[in-house]
Amino acid sequence: MATSTKSKVDSNGRRSKSSATKSQHEALGLGKEQLLDMWYYMLLARSLDERMWLLNRQGKAPFVISCQGHEAIQIGVSFALERGKDWFLPYYRDLGVCLALGVTPRETMLQHFAKRDDPSSGGRQMPGHYGYKKYKIVTGSSPVATQFCHAVGVALASKLKGSDEVTVVSGGEGATSKGDWHEAMNLAGIHDLPVIFLIENNQYAISVPVPKQVAGGSVAARGVGYGMPGVEVDGTDVLAVYEVAREAARRARAGEGPTLIEAKTYRLTAHSSDDNDRTYRGREEIEIWRAKEPIPKFRQYLLDSGVATEEELGQIKQRIDGEVNDATDWAETQPVPSADDTLKHVFASPEEKAQWR
Amino acid sequence: MATSTKSKVDSNGRRSKSSATKSQHEALGLGKEQLLDMWYYMLLARSLDERMWLLNRQGKAPFVISCQGHEAIQIGVSFALERGKDWFLPYYRDLGVCLALGVTPRETMLQHFAKRDDPSSGGRQMPGHYGYKKYKIVTGSSPVATQFCHAVGVALASKLKGSDEVTVVSGGEGATSKGDWHEAMNLAGIHDLPVIFLIENNQYAISVPVPKQVAGGSVAARGVGYGMPGVEVDGTDVLAVYEVAREAARRARAGEGPTLIEAKTYRLTAHSSDDNDRTYRGREEIEIWRAKEPIPKFRQYLLDSGVATEEELGQIKQRIDGEVNDATDWAETQPVPSADDTLKHVFASPEEKAQWR
Amino acid sequence: MAVKTMIEAIRDGLREEMERDERVFVMGEDVGPRGGVFGVTDGFFKQFGENRVIDAPLAESVIAGAAIGAAINGMRPVAEMQFADFSHPAMDQIMNEAAKIRYRSNGAFNVPMVVRMPYGGGIHGALYHSQSVEALYGHIPGLTVVIPSNPYDAKGLLKAAIRDPDPVIFLEHKGTYRLIRGEVPDGDYTVPLGKAAVVREGSHMTAIAYGMMLHHCLKAVEEMAGEGVEVEVVDVRTISPLDRETIVESVKKTGKALVVYEDNRSGGWGAEISASIAEAAIEYLDGPILRVTGPDVPAMPYNHAQEEFFMPNPEKILHAMRELAAY
Amino acid sequence: MAVKTMIEAIRDGLREEMERDERVFVMGEDVGPRGGVFGVTDGFFKQFGENRVIDAPLAESVIAGAAIGAAINGMRPVAEMQFADFSHPAMDQIMNEAAKIRYRSNGAFNVPMVVRMPYGGGIHGALYHSQSVEALYGHIPGLTVVIPSNPYDAKGLLKAAIRDPDPVIFLEHKGTYRLIRGEVPDGDYTVPLGKAAVVREGSHMTAIAYGMMLHHCLKAVEEMAGEGVEVEVVDVRTISPLDRETIVESVKKTGKALVVYEDNRSGGWGAEISASIAEAAIEYLDGPILRVTGPDVPAMPYNHAQEEFFMPNPEKILHAMRELAAY
C-alpha cells in the first residue's frame, strides 16, 4: 500500500503500546522534568478552562469553548515540536497547545475578557480564536477547516525556503467532512509537505455523532488514500500521543512527508457555553468517558510509576491555582477596546506600507 | 476493513479478468445482440466525435471536447443501467453515455451547432454540457465536480421515496481533487446511498498529470476511507467495465450502498479544441496508448471470439456513417436561437408557476 | 390571533409545510435531535423522523448541492446553513448551480429548494457569526432572496418560498428571532415573493430598510414625527428580484430617500436601491440619497464598543433623517 | 517604448517581479509546462523551475488557501484562478480568510498575495467562462480589487499588487488579452492602487467604466464628439477601495453621469458608483444617473445571438449617451 513504503508507522491505525519491559516514559526517553512539565501544562489548561466557565456563569464573559478532554492530545503533540521554530495552526479547542507553546495565563484571560491588549485579536474575535505571531501560532477563524489549507501553504513555503520547520494543523473530526480538509490533504500528499494533520476526534460535532459524520467511521483510514500514514492513537494518553507525534515530526523534518493523526477522546463539556448537550447525549455516556479522561489518568501514571509524589503534584497544583487567580484578577482590570479603533487594520497603514518590503 | 463486510468486490482494486474457460462475454451472460449493440454505440460515439472535430476545423463550430479513448468506459457502464429508470449525471466527455441512454445523433448535432432546438440547453451552453430530462440525464455545468453533490441528492431522494433507482455520476480524475467530490463521497457513505461514483481516469487534467493531481496515485484506494468499495478497472475493456458497473448497480439497488469505480484509460485528443497538448506530453506516449485503445480492442475481440464477421461490422459502420451524415446535414439547417429569448427561463414563467405543484 | 416571536413563526411555517407536503424535508447541521442551534427545528426530529429531518455532516457545499439533486428528483428540500457566515463554501453550488440550472437547461430542469440562513449582528457573534450576505446572493439572477422583518411575513414568506418552483435564499436576522413579536394567524396563508410593503405612510421622506434595520428605522421615525417630519417607511421584504416600483413610487411622493442597511457600505444591497432611485426618480429628489450602513471593515468585532460602533441604530438613523429633513 | 498586448504586458510584469524577488511564485492549474490556458505564464516553467511555477491540483479552495499560508510564512504568492467563474469554491478562503486576517488579528498577521482571474465575456465562453465577479469581491473590505483596461496599467498595477502587503484580486478581461494593445515601457514602474484615471476630458457628461467596457465607451464617445457632445471618461482601474473623489469631481463638472458595466445589472459594481454619486453630487446633476449593463439573466449564453444580446457594446452605450445628452 502506498504508505508502507514511506513510513514505519502502521498506517491502518491501532498502535500497540510501547514495550512492556520499560515503563512507557522510559521507552520514550522522557525524564521526570519533562513529565512534570507535561503535567503542569495539562493541569494549567484544565484549570484555566474551568475558570473560564465560572466567569461565564458569573456573566463576566459571554462565551466559552472548551479544551476539557483534549489536554493529553494537545500537550502530547506540543512536546513533540520545537518551540519558536515549528508552526501551529490550532482550532478553538487548542488552549493546551497555546499554553505549551508559550502563551501565558494572563494573555489567555485577556482574550477571554476581550480586552484591548489581547494579543490574539485585541478583543475582536471570540474566545478560542487563537493566533500569536511571536509563538508562530497562526490566527484562526470560525469557519471550520479553512486552517488545513493555510497549513499546507505554510509548509509549502518552508519547503520552498529550504527550511526544516514542521507545521501542525489541528481540527475536530467534524472538520474532516469539509472539502478544505480533503483539498489540503491531497496537496500535502502530492508535494510530500512537512505538515502534520492532527484530528482531535471527540465523538461529536456539536450534536452530530461520528456515525453521521465520518463515512466508514475512521479518519485515520483515510490517510492511505492520500499516500500518507494514517495513525490512530488514544487521545487520553499523553505519552501515546507524544510518541506518534514525535515520529510524525521526525518524518516531516526528514522530508518524508505528511502524517495524519487521529487522536480519539471525548468532549467532556457541552460544545460551548451556547450549547445544551442534554438534547442529544445521555449522562451515562459522559460518565463512561469521565472514567477514562486524561487528567486523572496521567496523574495516576505519575504516581504509579514513581515519577512524582502526591506532595510534588500538590505543589504544582498550588502554583497553577495562583497563576489562574493572578491572570483572572489582572486581566479583569485591563482596559477594553476603544470604539475609535474599529476602523483600524483593514489594510496596512501608510506607515506599515512605507516599511513593507 | 470497513468495505469487506459490505461487498464482494475486492476493494483494493485490480480485478482479475473473468475465468479463462468461458469467453469473457459468455461468463457475463452477454449474447451477440448485446455485444453488437455495445459496439454500435462505441463506434457511433467515436464517429460523431470525429465529425465534430472536422466541423470545428471547418469553422462551423467554435468548440469541441472529446470522448475519444473513453468509449469503453461509457458504454460499459451505460449497459449496466436500466434505461429510463436510473439517473446519470455525466460530465463533458460522456457523449457515449448520452447516446447509449437514448440521445440521438441529430440531438447531439443540434447541441454541437448550438441550435435553437438543442434539447440540452437551446444553444445556451457549450457543447459537451449534456442534460436530457426525458432520459434522466441531469444538466451539467462547467465547474468541475459540482455534479457529485447533485448525484448524492438525487440518490438521497430515491432513498426517501423508497424507489430502487440507481444514480451514476461521472467525472475525471482531476475532479477528485475538488472538495465537492469528498463531501459527496462522505455523505453517500454515511447514508449508504444508491449511487455509483465513476471516475474516468485519462491520466491528465488538461496538462496536469496524475502524479501532480492525485496524492498516492490511486483514486480507487480512497474508497475504503469512505467505507465503500473502491474498484479499479481497465477502462479500455468494455466488458471489464460492464462487469464492475453491473456489480455496483446490483449493490446500489439492493441497498448495499455506494461504489467508487476508477476506470483507467487515456485521453486520445487534446483536452479540447482550445488546447495544444504538445506543450505538455510527448507523441510517443500517445502512440503507446493508441495501441491499447478501446475501439480496435473490442473490434478484435468481436472477431476473435467469433461473435461477428468483418462483413457484419462493416454493415454497422455503414449505418453509423449514414446517421452521422444525416445528423450533420439536418442539424446544420436548423434554426439558431433568437436574441428575443435571452431573457427567458431565469425564473418560472407565470404559466409555469400556475401549473406548479 | 396569537402573538409569536420570529422564531416561532418560522418554526410554525416550516412545520405546517412539512405536514402539508411530504416531499418537504430539512437538512443541515444539528437540525435533528438538537433542533438547530437556534431551535427553529425544535421537536421536528420527533415529529417527522430522521428521514425528513437530516443531520448533515459538516459540509455546506454538499448540503446545498445535495438539496439541488433532491429537488431535481422530486423533493422539496429546505436546507439550513447554520450561520450565513458559513455559506461561502456553498456559494459555488448556490450561485453557479442552483441559480443557473433553469436557465442553462433552457427551462428543462428547475430547482425548488429553499436555503435558510440566520444572518446579521449585534449579538456578540463577532466576525463570523454576524455577517450580512444579501448583497452577495441578491446579485445573482435566478435566486430569489427574502428577508422578513416580522413574524407574520416570516411565516407567509417561508411558505411561499417552499412552494416556489425556483431556489429561494431565506435570510433570518438573528437579532429579530426572539426580540420581534407580532400577531400570526394559525394555519395556512402565504405572503407573495417579490413585493415590498409600505409599513408606514409619510409625506416628507422615504426610509427604505429590511430585517432588523426596519425596526431601528421605525424607532427613529417616531422621533421624527415628534419633530414634525413624517417619514414613509418601505420594508423591502424581497431583496431580489427587487420591487423597484413600490420604492420609486414612494420616493416620487416624498422627494427624499434614506437607505438603511447593516451590511458593509460599499456594494451593499442599498447601493442598488439607491442607484435604482437615481435612475428613475431623479427629478423628484430634493436632496441626496443618503445611506446609513455598517462601515467598510471586514466584519463586526466581538467586543461591545466596536460592535456598537459597527451596528447602525436608531440614533445614527435619526441623525441622518434630521440631516436629510434639513436639506 | 514597445507596443504590447495586454497579455504580454501582464506576462512581463509577472516575470519581472519574479526576477526581482525570489519570494514571488505562481500557483494554479496548468500554469506550468502548459504556460496557463491563456499563456500568461508561457515560458515561466523553463525559466523559474517547478518550485516557483507550481501546477496545482484541480482545487481552487486550497490554491487560495495555500497561497494565504505561504504568504503568512514569508512568500509572495501569485495564485491563478483559471477563470473567474471557477473562483466561487475559493470565496470562503478569499472573503472570510484572506480579507479578514489582518483585521481579525488586530494587525499581527497580513496576507501579501495576489489572485489573478481572467473574467468577462463576448468570447463564446458561455455561462461559465464569461462571468464578471468584481461586484462580489469588491463588496468585501480587506480586499483590493483591480481591473486594468490597457497594457500600461496592467503591468504597473500588477507590480503594485504583488508589492502590496495585503491581498489583491487582479481581474483581467479575456476580451482585452490580445485585442487591446498599447505602449509599455521596458523595465520597472508601478501604477498606484486605489486611483481612478480620467482618460478623456469632456464637459457635457461623464462616462464611468473599466476593463473591456472602457474601450466600448471610448468608441461611443468619438461618435458623440461628432455630434457635438464632449464626454469625459473615467477609467475606474481600482474597483475597491473605490476612488470616489475622481468620479464625483468629474460628475460635478459635467452634471451628467453614465455608468457602464458588463456584469448583471442588479447589484453590479456600477450600482455603488451610482449610489456614491447620488450621495455626494446630487445638486450638480442635470439628469438621471443612467446605467448600461448586462441584463439580469444568470449568465451569458454560448450562441452568438444571445451572447450579443447580453453584452453591452458601443451602440448600446451610444444610445444611452444620446438619451442623457438630450435630457
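Per-chain numbering from 1; labels A, B, C and D assigned in written order.
The working rule: contacts are C-beta pairs under 8 Å (C-beta built on N, C-alpha and C of every residue); 3 or more make two chains touch, one makes a residue touch a chain.
What you see is a predicted model, and the numbers here were worked out from it, not measured in a lab.
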Query = Looking at B-C and B-D, which pair shares more C-beta contacts?
reply = B-C
Request  = Could you work out which chain's C-alpha centre is the most distant one from the centre of subunit B?
outcome  = A
Note = subunit C and subunit D have mean C-alpha positions lying a whole-number Å distance apart equal to 30
Task = Averaging only over C-alpha atoms, locate the centres of subunit B and subunit C and give their separation in whole Å.
result = 41
Request  = With chain centres taken as the means of their Cα atoms, state the distance from subunit B to subunit D in Å.
outcome  = 37
Message = Taking the mean of the C-alpha atoms as each chain's centre, how many Å separate subunit A from subunit B?
response = 44
Query = Of all the residues in subunit B, which ones touch at least 2 other chains?
reply = 121, 124-125, 129, 141, 143, 177-180, 183, 186-187, 190, 212-214, 346
Shared interface positions of subunit C, touching two or more other chains = 56-57, 59, 61, 85, 88-89, 92, 96, 100, 103-104, 127-128, 141-142, 241, 296-298
Note = subunit D residues touching subunit A in their complex are 25, 51-52, 56-57, 59, 61-62, 64-75, 77, 89, 92-93, 96-97, 100-110, 112, 141-142, 144, 163-166, 241
Inquiry  = Going by the contact rule set out above, which residues of subunit B touch subunit C in the complex?
reply    = 87, 89, 118-122, 124-125, 129, 131-133, 138-139, 141, 143, 146, 148-158, 160-161, 179-180, 183-184, 186-187, 190, 344-348, 352-353, 356
Note = Per the touch rule, the subunit B residues reaching subunit A in their complex are 1-3, 12, 177-183, 185-190, 211-218, 221-222, 224-228
Query = What part of subunit B is in contact with subunit D in the complex they form?
reply = 62-63, 114, 121, 123-126, 129, 141-145, 174-175, 177-180, 205-208, 212-214, 274-275, 279-280, 336-339, 341-343, 346
Query = In the complex formed with subunit D, which residues of subunit C make contact?
reply = 61, 85, 88-89, 91-92, 95-96, 99-100, 103-104, 127-128, 135-136, 138-142, 240-242, 264, 266-272, 274-275, 277-280, 282-283, 285, 287-291, 296-299
